[in-house]
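Single-structure report; data block below.
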Amino acid sequence: MKFTIQVNTGPFTHQASDSAYRFTLAALESGHEIHRIFFYHDGVNNATMMCAPPQDDRNLQVLWTELAAQYELDMVVCVAAAQRRGIMDKKESERNGKEFANIAPGFQISGLGQLVEAAVASDRLMVFGD
Amino acid sequence: MKFTIQVNTGPFTHQASDSAYRFTLAALESGHEIHRIFFYHDGVNNATMMCAPPQDDRNLQVLWTELAAQYELDMVVCVAAAQRRGIMDKKESERNGKEFANIAPGFQISGLGQLVEAAVASDRLMVFGD
Amino acid sequence: MAEIKSFVYINRKAPHGTIYALESLEVVLIGAAFDQQVKLIFMDDGVYQLTKNQDPEGIGMKNFSKTYAALGDYDITEIYIDQESLEQRGLSIDDLQELVYEDEDDDWKEKSSMRLVSREQLASVIDSADVLLNF
Amino acid sequence: MAEIKSFVYINRKAPHGTIYALESLEVVLIGAAFDQQVKLIFMDDGVYQLTKNQDPEGIGMKNFSKTYAALGDYDITEIYIDQESLEQRGLSIDDLQELVYEDEDDDWKEKSSMRLVSREQLASVIDSADVLLNF
Amino acid sequence: MATLHTVNKSPFERNSLDTCLSLCNNSGSILLIEDAVVGALRNTSVSERLVKAIESGVKIFALGEDLKARGLPEDRVIEKITLVDYTGFVKLATENDRVQSWL
Amino acid sequence: MATLHTVNKSPFERNSLDTCLSLCNNSGSILLIEDAVVGALRNTSVSERLVKAIESGVKIFALGEDLKARGLPEDRVIEKITLVDYTGFVKLATENDRVQSWL
């Protein structure tokens, strides 16, 4: 079965991003397909490469990046939500006059249409949020 | 009277950071002193210089930075909360092996002791959060 | 993407206190371009999203409530309002802005998009959706 | 900073679902170094912070609940638990880990830090605080 | 020794107003801000609780800017709830001995 | 056409479980995750509502990992609430026709 996962919360503050990660992992290990993971609202904060949590704690950005590499996942960060919250790739960063990009590997910035398209193309949309 | 303001939410997602800003402004205009503004939990996200909200929307980071410059405010971002969420000054960025710093002007990173010290030194602690 | 799915957006949060109402509306408007069947539900604190005369200037935010009036132009004509949520909150349908559309099958007459419904009716809207988006 | 103030920390959120419980504990432990008078209240969903046998390994988080046992060593000896919150949640004080301290004025005898209280008693703890921190 | 309690969440969605009411004695004041201002209207499922608190001596306020933002008319607000602006919020914080934010 | 409803907030703090129960018909399933698992225990102020839903035909599940994280013993869970792990969560999502997250 084909899933799309929507993640609405940043890492650490709410468990929802952990739940989304664990659900995604379990779906993949059960043999299902993840059509797309879409990061919206504060969920865009999962994509910052700047996190440095304590050594004994999980680093969700790294977990997402590794999972995406292992399973060739399409991880999309909503451009409008990302601009509000300060997550930029190189192109957006230049366009907005910022000095650098802070998006982590494996994530790409795109529009909300990618969420709707994914919901149309998938069998199930799973929303994790606050 | 001497106030300390604690801000627990990031900009945009929750109104609490707007409320904190407006309370702070009203307190200053009423002739009170702001001993410190302490950013904790997701509140550290007020300090990212990467935000680029739509032209017709407020930019809370810029508002804080300008207010701090005008009234010489002490704006402290909790180091532990900031590391989890990826807000770094130059020193923290180097220490954590990151390529750049993303903290906006007027904010400085320090420890939780600055919150407790401020609460001791102030007449009122005002907490704004989710 | 030839398949037509039924999208149901459930709005349960008050506006301004959190950004969910605004960012939900952004999804609805983008989603309208996809030629799917779209229904909107406003229930619980979501009914406050449609109150008349919102004026968030004093809290430094923009008044996006005017955008709801454009839903009809986006062919979004089925808007369900939970009666029970209004009653709990001391509101009636007259406290909400009226959302309308022009019916192309009926000489472009202006008609109301709003349907005041019971929980039971909402349950069947939910149970008939292909995709549920919750804000 | 010679003045001694009464700090009251009010913990109302369940652990793990949000980070507030963990980050609140970080403030409490840092705050203990400031030689102020400290009281902790656990009420509403905050009572879940003290349940025995927490094991968040399956959700990928660390088990910070063991840290509460150190509160006594930080001279935090007044911990108020709201009886009504426990009852609503089908819990009793026996479901919580026991927090103790060694009383230096009584030959270092180990004593319980926990006080099961009513809402009325909590109201007077709150109304006697100099500083209230809410998590 | 009076306490100012602030509540910022809708009482129809969260328990924080109820908890606040159970812990606010009759020398206390409650200020509704942000989404909590929806609780200030008459004839809601929570209005009776607020009226009872007012009758017992609790003073209740609501932030006018937040009411206006949500399109809630002042003339529908419970009698004896006083509207304040941000300057009034600051004043309430100074007039009470401490502030408790029910987040 | 069955719907899986997920609830992730404590029913003692938020209204989302109540709303979910009012909209879940007897072909539906409810899965409690994250902080919502605290609602799965017996003898709480919400347990009667869950038992009533179960009796009316609603199937109720709770995520075992979340219960364990919070130190809530399995033997205190309401009879007929079924514990699942993340793989079981995935299975529930596939077995129902749609998923509604009450955030």
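To keep things simple, chains are lettered A, B, C, D, E and F as they appear, and every chain counts its residues starting from 1.
Everything below uses one rule, namely that contacts are C-beta pairs under 8 Å (C-beta built on N, C-alpha and C of every residue); 3 or more make two chains touch, one makes a residue touch a chain.
Predicted model, so just to flag it, every value in this text is computed and none were measured.
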Shortest chain-hopping distance from chain C out to chain E: 1
Common touching chains of chain D and chain A: B, F
If a chain touches chain A and chain F alike, it appears here: C, D
Shared interface numbering between chain B and chain A [over half = same, under half = different]: same
Chain pair with the higher count of C-beta pairs in contact (B-C, B-E): B-E
Identity of the chain that, by mean CA position, is farthest from chain E: A
Averaged-CA centre spacing for the pair chain E and chain D, given as whole angstrom: 27
Centroid spacing, where centroids are CA-atom means, of chain A and chain B in whole angstrom: 26
Cα-centroid distance, chain A relative to chain E, in whole angstrom: 38
Contacts with two or more other chains, residues of chain E listed in rising order: 8, 12-13, 15, 34-35, 65, 85, 98-99, 101, 103
In chain A, residues with contacts to at least two other chains: 12-13, 15, 19, 22, 41, 57, 80, 84, 125, 127, 129
Sequence positions of chain C contacting 2 or more other chains: 16-19, 44, 59, 61, 131-132, 134
Every chain pair in contact, whichever chains are involved: A-B, A-C, A-D, A-F, B-C, B-D, B-E, C-E, C-F, D-E, D-F, E-F
Chain F contact footprint on chain D (complex, rising order): 13-18, 44-45, 48, 51-56, 58-59, 61, 65, 88-91, 95
Touching residues (chain side chain E, partner chain B) in the complex: 8, 33-35, 65, 85-87, 89-91, 93-94, 98-99, 101, 103
Complex contact set, residues of chain E against chain D: 1-3, 15-16, 19, 22-25, 27-28, 98-103
Residues of chain A defined as touching chain B within the complex: 10-13, 41-42, 45, 48-54, 57, 61, 80, 83-88, 92-93, 96, 98-100, 102
Touch list for chain B against partner chain D, complex: 40-41, 80-81, 84, 111-113, 115-117, 119-121, 125, 127, 129
